[in-house]
Amino acid sequence: MIKRKLEEQFFKLLMVLATIVVSGSFFLIVGTIFYKGVPYMNWDMISKTPGGGFYIGKEGGVLNAIVGSMYIAGGATILGLIISIPVAIFINMYMDGKKFLSNTVRMAFDVLFGIPSIVYGAFGFLLMIYFGVRASLLGGIIAVTLLVIPILVRTLDEVIRTVPGELRDAALSLGSTRWETAKVVLRAIRPGIYTAILLSFGRAIGDVASVLFTAGFSDNIPTSLHEPAATLPLAIFFQLGSPVAEVQGRGYASALILTIVVLVITVLSELLLKRFYKNKI
Amino acid sequence: MLLFTVASVSLVFIIGIGLYYKSIPILNKLSWGQLLGSSVWKPFKGLFGFFPYIMGTLWVTGIAIVIALPLCILTSLYIVEYAPSRLRRFLMPFVNLLSGIPPVIFGVWGVLFIIPLIQTYIAPHFVEYSTGYSVLAGGIVLAVMIFPLIVSIVNEVLRTMPQELKDASLALGATKWETIKKVILRKALPGIIAATVLAISRAFGETIAVLMVCGNNAVVPHSVFDTGYPLPALIANNYGDMMSIPLYDSALMFAALLLFIIILLFNIISRVILTRLERRMAG
Amino acid sequence: MTFEKPHISVQGLNVQIGDNHILKDINIDIPNKKVTSIIGPSGCGKTTLLKTFNRLLDNTSDVKITGKVLVDGENIYDPNIEITHIRKKMGLLSQRPYPLPMSIYDNIAYGPRIHGSPKKKDLDILVEEQLKNVGLWEEVKDRLNAPATRLSIGQQQRLCLARGLAVGPEMILGDESTSALDPLSTHIIEDLFMKLKEKYSIVLVTHILRQAARVSDYIIFVYMGKIIEYGPAEQILKNPQEQLTKEYVKGYIV
């Protein structure tokens, strides 16, 4: 009996240690970024574009990359929503009876979700060559849109499925068409849509591999869709590769900015989702 | 709506076909065997051997899974079976937050934390000298990146285990751990396999974080402290030159195609296992 | 009802799950080597009562248990008690059969293996003996290594009974053990209970009055978390003293 007890205690200890490592890694990462990034953080970082001597450690900031990332993540999310909302409604309302079909479609989006961003980047690059578009804001938005569509569809699909069937039936039985019913459903899931937007935006703003070939890089804030645009993750990557200590430091500070932005977005979406489910139940 | 749905679903095929179409030039020149088996990488001479890159990918993915899988299963067991409900509610958000952190941040963390750790504390015990940039560093960073994925799936799977089954074992006088070891883990095995397969495919395609810490040297690694050069990093690092050297673009697109095919297969396998499991538990 | 040497003696038991007061001040004795049935409408707390006997409620979240449950004179809610020993004393037969995810043979051998390292030869004898005990031996002796899930539901339930008997319990707890079974399998299980009461004390939870009538020596009627009436089966079913029991027995309360 003592041996059995000891074995249980031993594995319980292992479990506690593993849990500490797994959930602690979050603090370790954020802690490291804060520790290294805070000393290099200043107002110029987020309010100025790179100056003449920026890459040898002189004045300037990464406003170009912040704005570029916002444009791309925002553009991609809007474009993605325009495509995803109809898709999610279609899966749930028009393919209702056809279990096999809707499951296959869901599976396809699961698979698309699993495809790495570097493949989306490469594919986006192919599209750009095909259509003769150069690395630009537009190219970046297209590649990232491909990346976020599966995220949006999956999240929307999940929240639409929580809408009680009775609500749909009630709307339908009042004589409204499916499309009108869809509007009722959309209203019911509005917080879910916000969550999807945040999730998609968070993923889009942090991704590098998809914009690497497609968006290019520029020290200026883009003024049209055809100009190349800098992105924050790419700026971090480039700055970190620099041999100049000051530039590396700015890379840490940029990483800090990105981390804060993404954390705020994630926390917001978690809270929204929690409220959504609470209201449902 | 139908149009959008069909279009986005067929994206899977369009991507595959597009990448294949661009890989045709190199496939006409070199056979699959040569491309996958050769270690000679001389773009100027038209020689493209992907073997070192494939090995680089396998090494980092393998290390990541070896580290992450036991840790994640233990964590999930603790969260689902042992932790008091208040602690559970406290812990889960951190796992979710971890999944929200962008890859590049993991890369920065790897450079700032893991690299020095390996260089000064781990490597000196085993090898004469290491810069820290190694497949081990890549594996550790990747492992942390796939934590949330594995934990969330295994949690789901463990939660579907019927309480009555646990009771049946407990009622025979088994301890909780014996119940977990002999009954729960056995019953949860398909789900754990699915989670692993999904995690492998995620690790396979991860680009930037791995690129930042692996050293990117096109040789086949022989120990965990050797540098490696995973496939995605190859694509990302060379996009700049790709239009200037003949066949280079085709070779990189072939690399992307390779990733795409492997990940597609792994994803389909794990999704099929998971859906089946879900249906069996529901029914 | 009081007995000279009760097998289980429940004293001042209260169970709360969250804000729900499931069991209220329960005081009963369960006799040795008899069949005692707990009846009552669904949701009255009868399953909860059964689960307090081998402390299976421990795993429920937000549960609060006060009072004593004495098994052979020993309070199983004493913090120093070895819980696995208590559970070993009682075989559990749940509503639906839950065979462990392993072979027929291993299902029976599971308990003995946990409580020691029996020799292969002894195990073989034990498995055969227990399968014969529940009348399953002839049906499965050629496929002992097949997964237990391949058996029919009725066979699975008998396997679960044999699995419980293999650890050498003194008592059998049945939680509506026949509710998922067809009439024939139900009949087989009921007959087994009748046979097994020579060696074991048996406590059954059931909502089927006719089943309670067929197998019980004593009946406990529970309503809204309270013991309403407890007595010999004959008396409870034919001549109940309490108004609530009368109504339940006549089928007015479901």
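Quick notes
Going by the order they are written in, the chains are A, B and C; count residues from 1 in each one.
Going forward, contacts are C-beta pairs under 8 Å (C-beta built on N, C-alpha and C of every residue); 3 or more make two chains touch, one makes a residue touch a chain.
The structure displayed is predicted, hence computed values, not measured ones.
Looking at B-C and A-B, the interface holding more C-beta pairs in contact is that of A-B. Distance from per-chain Cα centroids to the pooled protein Cα centroid is smallest for B. When chain centres are defined as mean Cα coordinates, C lies farthest from chain A.
One inter-chain figure worth recording: chain A and chain C are separated by 53 Å, centre to centre, where each centre is the mean of the chain's CA atoms. Centre to centre, using the average C-alpha position, chain B and chain C are separated by 48 Å. Averaged Cα coordinates give chain A a centre that lies 19 Å from the centre of chain B. The set of chain C residues touching two or more other chains comprises 84, 114. Touching of two or more other chains is recorded for residues 4 of chain A. In chain B, 175, 178 are the positions where the chain touches two or more neighbouring chains simultaneously.
By the touch criterion given at the top, residues 84-85, 162-175, 178, 182-183, 186-187 of chain B touch chain C in their complex. Only residues 1-2, 4-5, 7-9, 11-12, 15, 18-19, 22, 70-72, 74-75, 77-79, 82-83, 91, 93-98, 100-109, 111-113, 144, 147, 151, 175-178, 198, 201-202, 204-208, 212, 232, 235-236, 239, 252-253, 256, 259-260, 263-264, 266-268, 271, 275 of chain B touch chain A when the two sit together in their complex. On the side of chain C, the complex with chain B involves touching residues 54, 56, 59, 61-62, 84-85, 87-88, 90-92, 94-96, 98, 100-102, 110-111, 114-115, 160, 163-164, 167, 173. Interface residues of chain A, counted against chain B in their complex, comprise 4-5, 7-8, 11-12, 14-19, 21-23, 25-30, 32-33, 36, 83-84, 86-87, 89-91, 94, 103, 105, 107-112, 114-123, 125-127, 146, 149, 153, 202, 205-209, 212-213, 233, 236-237, 240, 251-252, 255, 258-259, 262-263, 265-267, 270.
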